[in-house]
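In what comes next, chain A is part of two complexes: it sits with chain B in the first one and with chain C in the second one.
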Partner chain A sequence: MNIRSRWLNFGFQLAAVFMALVFTTLVLVIAQGQPLEAYKNIVIGSFGSPGKIADVLVAWVPLLLAASGLLITFAAGLWNIGIEGQITLGAIFTTWMLRGLQDSTVPPAMIIGMGILAGAIGGAVWASLAGVLKTFGGVNEIFGGLGLNFVATALTLWLIFGPWKRPGIGSMSGTEPFPQALWLPQIEGFRLSVWSLVIGVAVLILVFLLLQGTYFGLQLKAVGKNGRAAFLLGIPTSRYQMMAFFLCGAFGGLAGAIQVVAVYHRLIPSISSGYGFLGLLVAMLVNYVPLWIAPVALFFAALNIGSIQLPIVLKLDSALSGVLQGALVLFVLMMDGVRRQFLEKVKR
Partner chain B sequence: MDETLLIGLAGVLAAAVPIIFATIGETITERAGVINLSVNGTILLSAMAGFAMAVNSQSVLLGFLTGAVVGALVALIVAFASITLKQSQVAVGFVLALMCRDLSYFLGNPFMGLSGPRVPSMPIPGLADIPVIGALLFRQDILVYTCIILVVVVYIWIFRTRSGLILQGIGERPAAAYVRGANVQRMRYLYTILGGALIGLAGPAYSLSIKAGWKGTISGLDGVGWIALAITIFGGWNPIRASIGAFFFALLQWLGLVLQPSLPNIPSQVLQVAPFPLMILTLLLVNIGNAEWVERTLAAMPEKTRRTIARILRSMRASPPAALGVPFENE
Partner chain C sequence: MNVELRNIHKYFGKVHANDGISLSISSGTLQGVLGENGAGKSTLMKILSGFIQADQGEILLDGKEVKIHSPADAIEHGIGMLHQDPLDFPPMRVIDNFIIGQRGSIFPNRADARRQLLELEEQFGFSIDPENYVDTLTVGERQQLEILRLLWLGAKVLILDEPTTGISALQKTKLFATLRKLAEQGMTVIFVSHKLEEVEDLCQCVAVFQRGQVVGETKPPYVTDDLVKMMFGKVVTLEAKQAFAAQKVLLQLSDIKIEDYRLRFNEINVDICQGEVIGLAGMEGSGQRLFLRACAGLLRPAGGQLILDGQDLTGKSYHAYMRNRVAYVPAARLEEGLVPGLNLMEHFILSEVQRGFFINRERCLQITQKRIQDFSIRGTSASRVEELSGGNQQRALLALLRTPLKLLLMEHPTRGLDIESSIWIWSKLKERCLQGTTIIFISSDLEDILHYSDRILVFFGGRVSSPLDASKTTVDQLGQLIGGKGW
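The block that comes next holds the complex of A and B.
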């Protein structure tokens, strides 16, 4: 790409961001809210105090993990919509491991480590199910994944209200919280754990290296770009697709594990908090370039945390963040199409 | 037949109606070669918008019209982004599925918990008194009647008329249809928008009838759209088979509620989602005949077993329109 087309690209993306903002502002006007007040509150609600910034980072980590994992499946040409369920299963496996070991003599640090590992395995197993359905059953990964998401939710509810219910009666507030010894160490006075930040960033770097610098990454992209051609050239396509599912699921499972050991300290019904679907948006928005995930995911996390302020201060629904996030991706996709058509016309 | 059972089954039929609307809409869209993945968001947004309009105008009809317009508009975005701008249909649809959901929660906030008009029950005189069938089919509201007629009409249209044949053509072999004089792009626009309008009827069918009212995130509608997408596949892009799938799904959810008291160890939330694993299983059964390894395994079997298994698989199997999701360029 030469410099001119790069600037052109940038211009179209800037226009897309502008249009998304205009759209969201219009929505705010329709809802009879004051747009500037709303945006101001989102900024204050996300970066207004050290505590808020810490909360944004808490939301950033699972988003980083999900989006990084999804880049692998996207590279293989797969739409891993089952990521929500993979995060959930990660959380379930972690809870299971912690429950099993919490009364044993195993040192707490070891239990936490094994819990996180179990989470990664849980996510990978769930993703492999979608992979098996796809490669051996001919079930499109979108529908297999969606179904598995619902099953994962059912499993969580069953565990919370059934075998893992709190002493007395099970409730939507989740399972019995774990003792503080089994929490991932947090920064004094904040909900944020440095360890989860380290895991999130490490996975992002790992995925970056995997996709940009390895033979495996190259072959994976070949499978994604043209599966038939890759197969004819001797790449075992279904095995590569399975591996992509497995890795993405493992990273999604890690996100679930961190939700348990570092954020909620128990299993709650909506443990994935929609981070999987949001991760899909992030992965689309960065146009599948790994390093852009960090800032975009941070922005999305800030929107999520900042919008919590809206119902409290302005009596507006916090779903506004989702509107802006969706509008951003939608307009970036559309402007990309406009740019291509424009370039084609210029060429002629 | 037991009276309570009959009333229950009649309720199941009514509960299947919105899913059938959405599934028929998606079937038409996909038959034309376009995937509209936004169904879940479309249903929520049209449910909210239809309810808001009905509350303001006190007119159920205007509520449904609003729902259809919302569905058509969302479908127009899918069509424009995928057909004209050549972006991935799946990507655009997925983004819209999430965005429209949040839009409905955000804009629907002032309408939460309000009471609005409802579709009135409309027993058909004479027919309603027929034993069993009367209670099941003819003591319903106009939605159920419309829905049954729609299924039959769409079936006949797709498989028995010339324009239905062209619809199949632009989804199966767009190039051939183009050569025969069909304007593929324009028809794909048309059928995507038409399908979207039908999907948009599903929303008000909930908010003005089955689950009357708007309750934001606890409306219980989030997820229905994804089911409608799955049922479209299960239905093999055939309106009648799809509506049987929708009815079956509604039946399972109802059974979950009915069986709840006799299964005290299983929380009600689990039974509510019980149809989903079954859905995956049926998707697997419908699709597995298409897998290569199955054909290879079958070929290695003794003649008699091979025939029986192949026949069973073929009866369940459904293949998508060949050009589903594939952009078409008329050059």
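The block that comes next holds the complex of A and C.
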């Protein structure tokens, strides 16, 4: 790719961001809101105080994990829609481990560690199910993943209102919170844990290294870009697809585990909070380049946190951040198509 | 309807598929269109039936110029095409398939359509139950359904592209009778085929295509030799070949049975020697590819035994064959051979035996640069494969092969390449033979097959010939065998 087409790419992306902003503004105007006020509030709500910044980082970690994992499945040419369920299962497995060990004599740090590990395994198992359905059952991973997402949600609700319900009555607020000893240590006065930040960044770097510098990463890419040629070149394609599912599920499960040990300290009904789907958007938006995940995920996290106070201050729904995020992805993908057609015309 | 095509040109990239074709067919004629694969027959028919548009040229129907933008357009003008593989909807009922292309009302009149379908069936002596599902029909019956459908939609010109490939002899007789009857009723029938016998048998007039041009038009009585010569060009005398001295048997096929949904081969028996070159001749789709894939473990034979160098590999996976030093080079370079989006170096990394977990870029760069030089690929280690020309892609495919190999299986090793590249590629392949590699290859170029193989297997109509000695066979003989004569 030469410098000129690089600039062209950048120009098209910039235009897409601009169009997404215009579109969202239009939506705001139609809803009789004040666009500038809304944007200002989002910025203040996300970066206005150290506490807000910490909250943004709390949302950033699961997004990082989900998007990094999805980069692996995307590299293998797979649409792992089931990431939501994998996050959920991670949370369930972690809760299960913590519940099992909280009354034992095992040191708390060890329990937390084992809980996180259990979460990764839970997500990996759930993803492997989608993988098995795909490679052995011929079920498209999108349908398999979607189905498994529903099962995961049902499983959470059953656990919260059934076997794991709070003493007395089960409620939507989740299971009984864990004692503070089983929380991942947080920075004094903030909800943020340095440990979860470390895990998130470490996974991102791991995925970056895996995809850039290893045989495994290259073989995954070959499988994703042309499975038939990869097979003829001697790569066992279905095994690699399974491994991609497994890894992505493990990272999704880690996200779920962190939601339990570092954020909610219990299992709640919508523990995945949509970070899986948001991760899909991030992965698409960065055009599958690992290093861009960090800033884009941060931006998305900031939008999510920043829009929380919109209903209070401006009587606007906080779904506005979703409108902007969705519009962004749609316009970026659309401009990518436009760019390709443009380049083809230029070639002729 | 009178059909006239004037000066039709069509390019696919750099390939000039139709190079100024003019053809005039009068109403009620059974017109044959003959030519080898890639001669431009199908392209012209797709242009006439609206599947693709010509870059240049005119189509006249009954003397009036028309523009045909889509197949729906074509049938409006009365042109219907029967494709080589039936384009129908197997999970749906016959009657639904029948009415599916009808324009007009939202609610089709099934009862009426059903009555008309049965009437048409009676007229031509077909018997297809309208309530049957299409996937229970034979290819021949699906063809009959398609013909009736096109007639019902008002076709006055019927194009048939290689219609006899997948049907039985009985159905073929019936098809020909139907076509003759239709022609008597004034239908213009265009019959596209590479099978000399059928064209001679059926058509009142034949146009022979070669390299995108009409090289001759004849009427009965046909002289087979002349048709062969027109199809394949002039017979070139070949240079003297070195006689191959068979030594050790490498590949033993005994009672191998291969089948797919169209073709079935019973009991193929052949022994192939070390260092030998075997050419697989036959029109495309006659089963050469099935045979080649079976030799690579990509297709599991339905029966029989395959022994490679003393080892029984029957039923093993392709990757097991690979470990036994078998390699397969597909014809579809960018679809099956290479990975678009990855560069040359990444390809060489993938083809090499993995060392460790992390890629040693320095070492791989050296290997890549050496291979690029050895195989004179015009490109750099960072060139993505889809940016290379076809010839360079083929060179890259060869460069990816591991050494040593026992058996090298190739689909169309020189298809689409200029003469220089072809000669170069064959020189590389012959080097491998001297090192003891056996090569089995498919080609539609008869001269290539005769020139480069030691022995030839000819495929026709579900049969494989016994191996022919390439030095004792002529282009004419081979051409006739491929066209189904002299079996």
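Convention: the second predicted complex is superposed on the first by the 348 of 348 C-alpha atoms of A that agree within 3 Å, B and C clash if a C-alpha of one lies under 4 Å from a C-alpha of the other, contacts with A are read in each partner's own complex, and residues count from 1 in each chain.
As a working rule, contacts are C-beta pairs under 8 Å (C-beta built on N, C-alpha and C of every residue); 3 or more make two chains touch, one makes a residue touch a chain.
What you see is a predicted model; the values in this text were computed from it and never measured.
Undergrad: After the alignment on chain A, I want to confirm one thing: do chain B and chain C clash, or do they fit together?
TA: Here chain B and chain C cannot both sit on chain A without a clash.
Undergrad: Would you check which partner chain A:W292 touches, where first means chain B only, second means chain C only, and both and neither mean what they say?
TA: Neither partner.
Undergrad: Answer with first, second, both or neither: which of chain B and chain C does A:F143 touch in the superposed model?
TA: Only chain B is touched by A:F143; chain C is not.
Undergrad: Taking the superposition on A as described, I'd like to know which of chain B and chain C A:F216 touches: first, second, both or neither.
TA: After superposition on chain A, A:F216 lies in contact with chain C alone.
Undergrad: Scan A:L232 for contacts with chain B and chain C and give back first, second, both or neither.
TA: Once the two structures are laid over each other on A, A:L232 reaches chain C alone.
Undergrad: Comparing chain B against chain C, which has contacts with more of the residues in chain A?
TA: When the residues of chain A touched by each partner are counted, B comes out ahead.
Undergrad: Considering only touches as defined above, state whether A:W79 meets chain B (first), chain C (second), both or neither.
TA: The answer is first: A:W79 touches chain B but not chain C.
Undergrad: Touching A:F190, do we find chain B (first), chain C (second), both, or neither?
TA: neither
Undergrad: After lining up the shared chain so the two structures overlap, which partner does A:L320 touch, if you call chain B first and chain C second: first, second, both or neither?
TA: A:L320: touches chain B, not chain C.
Undergrad: For chain C, which of the listed stretches 93-101, 237-245 or 291-299 runs into chain B?
TA: Only 93-101 shows clashing C-alpha atoms.
Undergrad: Once the two structures are superposed, pull the chain A residues common to the chain B and chain C interfaces.
TA: none
Undergrad: List the residues on chain C that touch chain A in their complex, please.
TA: Chain C reaches chain A through residues 318-319, 322, 328, 330, 335-342, 346-347, 349-351, 354, 356-359, 400.
Undergrad: Please output the residues of chain B touching chain A within their complex, sorted ascending.
TA: So the residues of chain B in touch with chain A come to 37, 77, 80-81, 84-88, 90-92, 94-96, 98-103, 105-110, 216, 223, 226, 229-230, 233, 265-267, 269-270, 273-274, 276-277, 279-280, 283-284, 287-291, 293.
Undergrad: If we count contacts the way the header does, which residues on chain A are in touch with chain C in the complex?
TA: Chain A residues touching chain C: 213-216, 218-219, 221-222, 225-226, 228-236.
Undergrad: Any idea which chain A residues touch chain B in the complex?
TA: 27, 30-31, 79, 81, 133, 136-140, 142-144, 146-148, 150-151, 153-154, 157-158, 161-162, 170, 277, 280-281, 284, 316-317, 319-323, 325-327, 329-330, 333-334, 336-338, 340-341
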